[in-house]
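Which chain is which? They are A, B and C, in the order written, and residues in each are numbered from 1.
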Amino acid sequence: MKQTETAGPTGPASTAAPPQAPPWLPWWAGVTAALMLYALYQAWIAAPTEATMGIYQRIFYVHVPAALVGFGVFFINLMASVWYLARRSRAADAMAVASAEVGVALLAINLITGPIWAKPIWGIWWTWDARLTLTLVIWIMYVSYLVLRQFTPHSELQPRLAAAYAMFIFVAVPVDYMAIRWWRTQHPQPVLFGGPHAGLAPAMLYALCVGFAAYIALAATLLRLRYRQEQLRHKIELQRRARALAE
Amino acid sequence: MSTAPISPAHSAAGGHQLPTGAEAPGGSCLVECRNLSRFFGDFAALRRVDLRLPAGQLLMLLGPNGAGKSTLLRVLAGALRPSSGQVWIGGFGWGTPEARRLTGFLAHESLLHPKLTVAENLRYYATLHGAAADAAARSLRRVGGEHLAHLRVSALSQGMRQKATLARCLLHAPRVLLLDEPFASLDRATVSDLRRLLVELRDGGMTMIASTHTPEVLADLANAELLMERGRVRCT
Amino acid sequence: MHMTPPAAPPPTPTAPASATAIAPAGHPSPLAIFWATWRRDLRIEWRERQALNAMLFYALLVIVIFSFAFEAQAALTVRVGGGLLWVAFLFAGLLALDRAFARETAGDCLTGLAISPASRAAALAGKFSAAFVLMLAIEGVILPLFAVLFNAPPGARWGGILLTAVLGTWALAATGTYFSALGAHARQRTLLLPLLLLPVAIPAVIAMVQATQVYLHGQGGAGFWLQLLAAYDAIFTALGVLLADVVLEVE
């Protein structure tokens, strides 16, 4: 165990300028908003109506990007957690908080839009199909991760315990995948169509790409804002400590 | 009372040069901390405490409630992590197994499980510390508590419990003994028993830091004293 | 007070005999720590039998309530018996797992572990194995009750069910003990444990329910599910041991 030299109220962190919002952030947020609107325009109006599913298929332009970008953000959480355990870096922990929250929000969009689409198309709100189940399980595990953070005090303790739990989530996902696939193959499955990518019209593909771009931009904006907020919170804590020392 | 071995908070480490990094020279300083602070949230329980304690000294830690005495002892014992600053026990950095092996800690709580007998508790701790199989029995004999071995901790009186706790602190033969209010709520006979034991330990070369609210009980045993106030070392 | 210990090192010239009467500590052996922790935890649990009794009674209640909630018939047992059995195991098991660190609050014994140089992994493994034994004991009471109250089919293969119980309980105990340690410093420890454990336990729950179902049915093979459980046990026990230092680190 190494001596704790850094993170002290006398360390360089407290004398440095507080983390400024980068000047490009408002621009970036504006581009994100525009992209989101354009993606909605593409999904609702520009893309052609699908032949068999009708307008219900349009939810797909939100549903799929939210899921894939959400998983990508969870992967960032994993990397940040590993980094925290290796280096005890508060920046890594700030990124872990941000990515867990953004990922939970994105997967929630996915999990809500899914049943809305499934009801008219499949005739059921939900099915315990392997992909759905795994998505739900990962979402649940990250909600637990956030609850754990809520219940542990803001100190060295919280990032450490959260990172440890993130490791368990990471290892649990492939095991879950195995279990759920085998579990589902033993049960009757609803008849699915031949996959959405089977012969996607160019206009539809374009709308989907715009959707991806919008959600990537949204995730990046939210991550940046939340990351900075968490850094500032830590900063305030250090300054309060510095003042407590000076008293 | 001998010369105070503690360097005041603002003076640089006198005597010899300390290398940077986790390893401090063993030298004669058994307990050393530099610029040690500990926070609970925003609250500073310890503020830049500097301390150097040579081997064989008994340091008396004084100060009002909330002065940081218990926090200092808990950090030195390795039960709390320093928020910043450095600690060495016998030249080993804070939290290293070597530093833990050198330290015995008598805390507010006994750290003995009430449902187990004294002997069972001590044997468990002997295993945790890698002490010899008979260390528990010998340590109990050392504090004059052989008759307690087969009593459950929940059945012990305050005085008996404190003896059993001291046996726990001594069973791995530490070089440094940290005592948090060792005489709190003890009767006269037990206090004099414990005092006798502390004298023996001190004369045997044990380095000790004891916090207390009743300096008169410890004053004649201590070689040095340290007054703490609001997380700071006030005077030595 | 004066004695001549056989194993004591030669006393230093300045120190009186009594000061060196206690042999200096050697290196703590992980295996010894594992067994000592195991024995100690089970001994405490045995002495605090009220908690053990309450857990057993709770398990009995779960089974009885299930038999009201679901009409207990042989046909139903064949269909969902595995699920009912494991939900009962899980509920009772959560109490046993919470005890793993709730036990340490008395006398602040967790600090005793924290200030020792002992291997955290060995201590955690000892706690895990104590929780494992405790949960198996509770399940030993639930299982016959279940068989009687839910009219288990005559063709059920009990050997397979027992094997599943051992592997499944191992899975719950391994992750559960770890999360019990994780929550030891948190607020609402008792509430936190199921929130942490249940999501991570999902693959194990699927596997043990499916395997139990196969064995209750008396036909088909559960080889895959047992393999999955064994893999889960190995992976998560190893992970817990690897991360023991992180979770039992000093605050």
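Going forward, a residue touches a chain if its C-beta (ideal position, glycine included) is under 8 Å from a C-beta of that chain, and two chains touch if they have at least 3 such contacts.
Please read all numbers here as calculations on a predicted model, not as lab measurements.
K.L.:
A-B versus A-C: which interface comes out with more C-beta contact pairs?
P.N.:
A-C
K.L.:
Among the chains here, which has the CA centroid at the largest distance from chain B's centroid?
P.N.:
Following the centroid criterion, the farthest chain would be A.
K.L.:
Cα centroid separation between chain B and chain C, in whole Å?
P.N.:
35
K.L.:
As a quick test, compute the distance in whole Å between the mean CA positions of chain A and chain B.
P.N.:
Averaging C-alpha atoms per chain gives centres 48 Å apart.
K.L.:
Starting from the mean Cα coordinates of chain A and chain C, work out the distance between those two points in Å.
P.N.:
One centre to the other, that is 33 Å.
K.L.:
Multi-chain contacts in chain C: which residues touch at least two other chains?
P.N.:
Residues 249, 251 of chain C touch two or more partner chains.
K.L.:
Which chain A residues sit where two or more other chains touch them?
P.N.:
As it turns out, chain A has residues touching two or more other chains at 153, 155-156.
K.L.:
Which residues of chain B are in contact with two or more other chains?
P.N.:
Answer for chain B, listing residues that touch two or more other chains: 81, 95.
K.L.:
In the complex of these two chains, what residues of chain B are touching chain A?
P.N.:
22, 35, 37, 39, 41-44, 47-48, 81-87, 93-96, 230
K.L.:
Help me check something: in the complex, which residues belonging to chain A touch chain C?
P.N.:
Listed in rising order, the residues of chain A that touch chain C are 85, 137, 140-141, 144, 147-148, 151-153, 155-157, 160-161, 163-165, 167-169, 171-172, 175-176, 178-180, 182-183, 186.
K.L.:
Under the stated contact criterion, what part of chain B meets chain C in this complex?
P.N.:
Touching chain C: residues 77-81, 95, 97-98, 100-101, 103, 105, 107-116, 120, 123-125, 127-132, 134-135, 138-139, 141-142, 144, 153, 168, 170-173, 200-201, 203-206 of chain B.
K.L.:
Mind listing the chain C positions that touch chain A in their complex?
P.N.:
Per the stated touch rule, the residues are 175, 178-179, 182-183, 185-188, 191-192, 195-196, 199-200, 202-204, 206-207, 210, 224-225, 228, 231-232, 235-236, 239, 243, 246-247, 249, 251.
K.L.:
Spell out the part of chain A that touches chain B in their complex, as residue ranges.
P.N.:
The touching residues are 1-11, 153-156, 237, 240-241, 244-245, 247.
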